[in-house]
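Dumping the structure here so I can ask a few things about it.
First chain written, first letter: the chains are A, B, C and D, and each begins at residue 1.
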Amino acid sequence: MSRSNFKITNEPIDIAILNQTLRDDSAGAYASFEGWVRNLNDGKNVNSLDYEAHGVVATSEGEKILIEAIDRYKLVAATSFHRIGHLEIGDCAVWVGVSAQHRGPAFDGCRYIIDELKQRLPIWKKEHYQDGDSDWINCLTAKD
Amino acid sequence: MSRSNFKITNEPIDIAILNQTLRDDSAGAYASFEGWVRNLNDGKNVNSLDYEAHGVVATSEGEKILIEAIDRYKLVAATSFHRIGHLEIGDCAVWVGVSAQHRGPAFDGCRYIIDELKQRLPIWKKEHYQDGDSDWINCLTAKD
Amino acid sequence: MINVTAKYFAVFREKTGKESEVLLTSAATAGDLFTEVATRHLFSDPMLRCKVAINDELAGWDSGISEGDIVLFFPPVAGG
Amino acid sequence: MINVTAKYFAVFREKTGKESEVLLTSAATAGDLFTEVATRHLFSDPMLRCKVAINDELAGWDSGISEGDIVLFFPPVAGG
């Protein structure tokens, strides 16, 4: 069984199937995070957004982050998928799921992964606003 | 929209549907926890287990915990379902899902809920072991 | 002396061999009643790790009990 | 002087108006090259908030660059 699995994808993320891949008879705890596109950022009304990534670098860095989390928190398994392309309000842009023996490491490992992904992956987001304007977001303005 | 929803149930928990009930255009973050029945507890090989609850008290206390978390962490919504009856290895015994504007409160709120549920709900678990023995578990022996 | 109904759950039900019993008691509080039944039925869990509900509401061990109350004794919990 | 290919992403691609360009440069490090292109194309993001990859591997700003390298300039990221 592959313990880490990171992907950049154009397709909606099938969470129910990915959840199953994290299962193991020794795993008593599962924690997940989903980032949803929301209608407001930095005081502006968002209509939709586009994600762009450097696929090769993002994938190898994402995989590295999952392995760091597995080692550091003794996770059973960790998976994360990040969407690219055009997303609408409510769409799931990123999903992280981890399994562990106990809940402390599951929460801590999941949190570690999303925090690192946000800082280290070469992924960019352009927001399209209700007023017709659009703008590239960076990690100083993006709160989530 | 109902912001909190706690249930004790005999049925498998349909997470995909419950996840949808937490959605809101203002919610950018979703965190969830699942407790899975695992094959080992306190050094003993577990075959299956039975959960028993006092439904009325557990439901009202569970609802109270969700509302505490919503108030304390400014969550958009919080839901949790807890199984009772006979469960096999790998079954989901408890699920917690919360949505929030940002990821910090989502993680903290989700963690608060599962920590409190485990301490406050009148629910008991009898483990059935491979050696034919069985035992009631309490929160001193249960690590998760 | 008052009449109250004590209800037992999980390991308490197995130790007493019953789901409930009606007790004629001089206990004034839920804690007094617990001490009484714990002694009779040889409960091994300390009171402070157990919980009590009176008429389906969680209560403190120092809560008073009255004629006709239904007192639920919960052994240490293990949800999740 | 060496020939390297600079590639631009997101807001850098919009500012330069191109996905990549071949540069003849005296820059010895990725950081030197960034300063060169940032000045020419009026990038407003400070180097320390940007990232660089050389031949599809993330690198430090002090990494040396060689003839034929492909240098990827990443503006501040915003995944998640």
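Please note the rule applied: a contact is a pair of C-beta atoms (placed from the backbone, for glycine too) under 8 Å apart; a residue touches a chain by one contact, two chains touch by 3 or more.
Being a predicted model, the structure only gives us computed values, none of them experimental.
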Farthest chain (mean CA position) relative to chain B: D
Distance between the centres, which are taken as Cα means, of chain D and chain B, whole angstrom: 48
Distance from chain C to chain B - Cα centre to Cα centre, in angstrom: 26
Chain C and chain D: spacing of chain centres that average the CA atoms, whole Å: 72
Interface hub residues of chain C, defined as touching at least two other chains: 80
Residues of chain B engaged with two or more neighbouring chains: 35, 103, 114, 144
Touch relationships between chains, expressed as pairs: A-B, A-D, B-C
In the complex, chain A residues that touch chain D: 35, 51-54, 56-58, 60-61, 82, 93-94, 114, 117-126, 136-140, 142, 144
Complex interface listing, chain C residues touching chain B: 9-11, 14, 45, 49, 51, 53, 56-58, 72, 74-80
For the chain A and chain B complex, residues of the former touching the latter: 15-16, 19, 23, 25-40, 89-90, 99, 101-103, 106-107, 110-111, 114, 143-144
